[in-house]
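Should a chain be cited, it is by its letter among A, B, C, D, E, F, G, H, I and J, assigned in written order, with residues numbered from 1 in that chain.
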Amino acid sequence: MSDSFKEILETFPNPHPNRDYLIETVCPEFTSVCPKTGQPDFGTLTITYIANEHCFELKSLKLYLQEYRNHGAFYEDVTNLILNDLVKITQPKWMQIIADFTPRGGIRTKVTVEYPSLAIHSQG
Amino acid sequence: MSDSFKEILETFPNPHPNRDYLIETVCPEFTSVCPKTGQPDFGTLTITYIANEHCFELKSLKLYLQEYRNHGAFYEDVTNLILNDLVKITQPKWMQIIADFTPRGGIRTKVTVEYPSLAIHSQG
Amino acid sequence: MSDSFKEILETFPNPHPNRDYLIETVCPEFTSVCPKTGQPDFGTLTITYIANEHCFELKSLKLYLQEYRNHGAFYEDVTNLILNDLVKITQPKWMQIIADFTPRGGIRTKVTVEYPSLAIHSQG
Amino acid sequence: MSDSFKEILETFPNPHPNRDYLIETVCPEFTSVCPKTGQPDFGTLTITYIANEHCFELKSLKLYLQEYRNHGAFYEDVTNLILNDLVKITQPKWMQIIADFTPRGGIRTKVTVEYPSLAIHSQG
Amino acid sequence: MSDSFKEILETFPNPHPNRDYLIETVCPEFTSVCPKTGQPDFGTLTITYIANEHCFELKSLKLYLQEYRNHGAFYEDVTNLILNDLVKITQPKWMQIIADFTPRGGIRTKVTVEYPSLAIHSQG
Amino acid sequence: MSDSFKEILETFPNPHPNRDYLIETVCPEFTSVCPKTGQPDFGTLTITYIANEHCFELKSLKLYLQEYRNHGAFYEDVTNLILNDLVKITQPKWMQIIADFTPRGGIRTKVTVEYPSLAIHSQG
Amino acid sequence: MSDSFKEILETFPNPHPNRDYLIETVCPEFTSVCPKTGQPDFGTLTITYIANEHCFELKSLKLYLQEYRNHGAFYEDVTNLILNDLVKITQPKWMQIIADFTPRGGIRTKVTVEYPSLAIHSQG
Amino acid sequence: MSDSFKEILETFPNPHPNRDYLIETVCPEFTSVCPKTGQPDFGTLTITYIANEHCFELKSLKLYLQEYRNHGAFYEDVTNLILNDLVKITQPKWMQIIADFTPRGGIRTKVTVEYPSLAIHSQG
Amino acid sequence: MSDSFKEILETFPNPHPNRDYLIETVCPEFTSVCPKTGQPDFGTLTITYIANEHCFELKSLKLYLQEYRNHGAFYEDVTNLILNDLVKITQPKWMQIIADFTPRGGIRTKVTVEYPSLAIHSQG
Amino acid sequence: MSDSFKEILETFPNPHPNRDYLIETVCPEFTSVCPKTGQPDFGTLTITYIANEHCFELKSLKLYLQEYRNHGAFYEDVTNLILNDLVKITQPKWMQIIADFTPRGGIRTKVTVEYPSLAIHSQG
């Protein structure tokens, strides 16, 4: 996956950088293509973060996510890659992405990634 | 944004100042105007606080929020500004505002701000 | 508000005083009168406690709450006063009341009080 | 209440005694008789435990709970007594019973008991 | 239960092994056979884990679970055995399985197992 | 029950008398007193009608229904009497009232009355 | 089944016999005993009718239904027998009973009976 | 209310005029101002129609409805006026508008208008 | 598919053959095998009928449906075949089966069959 | 739109052509592209029909609908065109498509088309 998707993302200055606060963005219309079967996948992305100096701009986020429409992507991989892109662009204090995909073969999958660390469960 | 909106807010003495207790007020009819597109935005504000000496009066809160009806306001900014106003007027021990906006372009946004600090997640 | 309402409340001995356990009572038919407008208010009271030696008797609780039917009472005040009465009568180890009122003017309010202290949020 | 109800309960050996794990059993068809009014009461029991050497057998649990069908029992008392019986029979590492009864006189009650201790709230 | 079921499970390399993140897989179509009555049981398995070097492959998980279709299995036992198999195959940092079975005789059961330890409740 | 309650009701001219259309008004805060037990009853009234020349005014409807707050009234009777009052005041082409009361003794009751006739079921 | 159950039922005069209207009574706490297995059954009865001269009294209905608590009764039979009793006592213009029983063996059953005729489906 | 609002509405040719089919458009963000109190009202409009030669264009519908944002309008009147405008512009075979407003004073109102006639209930 | 499945079904005499009434049986645990892929299918069968002289016995119905557990069956075909079997065995006045299958490939299917005729839609 | 999409659709012989019955297929993952804005649209298609000699095959339906993924299509037009294709291929006795699209600009749209005729509302 090239850096070109990330370049679509735009930011604006955090209007209240002196206060830590949460911004949650829910994108229920994420779709990509399974690299193994060529079939489309569908999911809802919930992105939550505490901004530092920069917030991501919503219209550019929408266009960024649309780049995956015809792009091959595994569940676990694509969730981590989107987190990487959004962290690089906004340099947040904290960010979490929950990607909840629709069922395939009677089984559904949800991936939760965090930056800089997974607060709960992790004993790594 | 002038101070004039804040001046609409009225308070009454906390009837039980010796006990810390939570007051939650849900306002599902908040509407403002997007400064970029000129289109109306809609959201639900949930304001929760532990009062010190003063509680905000509900009728004045309603009139205060109605001032945003034809006022340009970005999601992240307006949530912080309302918190600032309510904190200045009531000087609470703790206050939180959750602003949950309706979808635009298939994406919806929720902003959570707290005074004096964001209890969870913040490593600032 | 006189002590006469409290005198309606009756107790029975806690049948298992050697074990701390929770009793939750939900009263969805609470109604009082707004002292400012004279209009009726409606709400649901959820009373949870760890009894010491005494439990409150449910029929007497129902009659006690019915005393508010034609009684003027502000949201924040009445929730604290009911907690005071139930604490005096039962001397519990812990008690919480959540009073969730129906919307007025498009705004709804919920008040949460605890004895002896608000476990979360309080920095008083 | 005699010991005879408890004697209906049967156990089987915990198949994985070296791992602590939770077993939750939901019984939505519990019914007993109010000792004061003679009227039937109805509720849902949720029993959760970490077994030690013994698990309770589900068919015997069903028959045990059916013994209360024509038996007088107050909410608070019966929840504690069932916990006592199940603890005696299974000697668990931890056990909790939540008994959620249907409304009477517009009021509903839920009792939560734990062995060996109520993890949250208790300051006894 | 032979090892042959476990051999159906396949893994793929964790694409982001340097970040701890959660993968949740929900399988609502699990069915096995009660060893006592010969009657089919039905349940939903929710498998959540933090991968180390290996993730389990979803198609092989589906085929693995289908092996239980005509296999005798008690609730508590089968949940532990599936955890054992998935831990052996993936060597995760943390894994949890919640198995929620449909009602039998008006009673339903849910079993929660974790590796390496049950974070909450355990005082063993 | 005197005519005095009905006199509280006010009307305004139907703004579109040449078109038949439905007006539905839901009043979830109706409360009266059981004439037999003296205990308060609670219910939701749903009033639907096709106006002729007159519509009832909502503020006056609220005050009219509040007159029942301390008034003895049986379910079946009060629903019919309110229909009689609203029909006399507005002379509608068609009107229906559904009164859905909260449970008493584990039993709840709903009464449906129509003017000029019950369209379905009636073989009178 | 003797006539003695029916004799528990009491009526009161229909307060508005000149208007056909619907009375719906929901009884979610019906329980009887399966004649084959001796196990308790549970269900919700919804009784709807257009009264003629007589309405059934709710307290007597509750006591009447409680007579089935330790009485053997098949689903299809008991629903018809209760309809027969209520029709004999009230002589309604129309009456319907829907009896919705909780699952047994993963299967649940609902029986719908009407007097004088099943309006829909019947081609008898 | 001038005709100027209606002039905002634009149409496009029905792409399948030889087949009668339903188009339903749900607008949950309608807001106007109460002419009596000056307070904002909020509601959801559901517009359903069978087009003849013309369909209304969605962007122009949004702008048309936004004209009511600071416009005084009674519930019953505004619903009829919007129907009049949409009928004039599109000349449909059939059209229905359901306007469901949020509660005021504990009472909520829903208005249903149809062109050319109200299929059910009307005996005008 | 042989007749042997049908022979598992047992009936009992309709206890009220002089009254037409509805019996609805919901079986949420139906499972068969896709003849094309060999993969298991899952669905909920809702069987509703007006009995003539015979009702089907529930335990035998459960065993009959379990025969499909390892049997190849297409959605449309199996729903019709089960209707044929139940009609042959009970000779009902009317019977309907709704078979609602879980999603496959993001698509779910529901089949509705009736005897002797599909009341709505059919112009055959 | 060329005929090439339709050619993807495959059929199989109706296994019970002598009985009229309903087949409902729900496709919640339909997505196309707005011809005006170039933005993706998302919707759920519910296809219900009474087959004549032919049923459409589900895998081919899925592939057929995926052809719209990068294809420009207006709501009203695409719903009619899909109906035309499915009717040509299967020659059903009756078919209905309900296309429910996700919100755009706070407004959502649902289109309902039927073959051979819209049973309700149509006065064409």
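Everything below uses one rule, namely that a contact is a pair of C-beta atoms (placed from the backbone, for glycine too) under 8 Å apart; a residue touches a chain by one contact, two chains touch by 3 or more.
To keep track of the chains, here are their UniProt names: A, B, C, D, E, F, G, H, I, J = NADPH-dependent 7-cyano-7-deazaguanine reductase.
For clarity, every value in this text was computed on a predicted model and none was experimentally measured.
Student: Treat each pair of touching chains as one step and give the shortest count from chain B to chain F.
Tutor: Steps on the shortest route: 2.
Student: Any chance you could check whether B-H or F-G wins on number of contacting C-beta pairs?
Tutor: Here the pair linked by more C-beta pairs in contact is F-G.
Student: Can you work out the whole-Å distance between the CA centroids of chain G and chain H?
Tutor: The mean C-alpha positions of chain G and chain H differ by 45 Å.
Student: At what distance in angstrom does the C-alpha mean of chain H lie from that of chain D?
Tutor: 56
Student: Could you give the separation in Å between the centres of chain D and chain E, each centre being the mean of its C-alpha atoms?
Tutor: Each chain's C-alpha centroid was found; their separation is 28 Å.
Student: Between chain C and chain G, what distance separates the C-alpha centroids? Give it in angstrom.
Tutor: One centre to the other, that is 39 Å.
Student: Two or more other chains touching the same residue: where does that happen in chain G?
Tutor: Touching at least two other chains: 28-29, 39, 42, 102, 104-106.
Student: Determine which chains touch and list them pairwise.
Tutor: Going through each pair of chains, those in contact are A-B, A-E, A-I, A-J, B-C, B-H, B-J, C-D, C-F, C-H, D-E, D-F, D-G, E-G, E-I, F-G, F-H, G-I, H-J, I-J.
Student: What part of chain F is in contact with chain H in the complex they form?
Tutor: Per the stated touch rule, the residues are 14-16, 19-29, 50-51, 55, 58-59, 61-62, 93-94, 119.
Student: Write out the stretch or stretches of chain A touching chain I in their complex.
Tutor: Chain A residues touching chain I: 39, 42, 102-106.
Student: Using the touch definition from the top, list the residues of chain C that touch chain F in their complex.
Tutor: Residues 28-29, 31, 39-40, 42, 66, 69-70, 102 of chain C touch chain F in their complex.
Student: Under the definition above, what is the set of chain A residues touching chain E in their complex?
Tutor: Touch list, chain A to chain E: 74-77, 79-80, 104-114, 117-118, 121-124.
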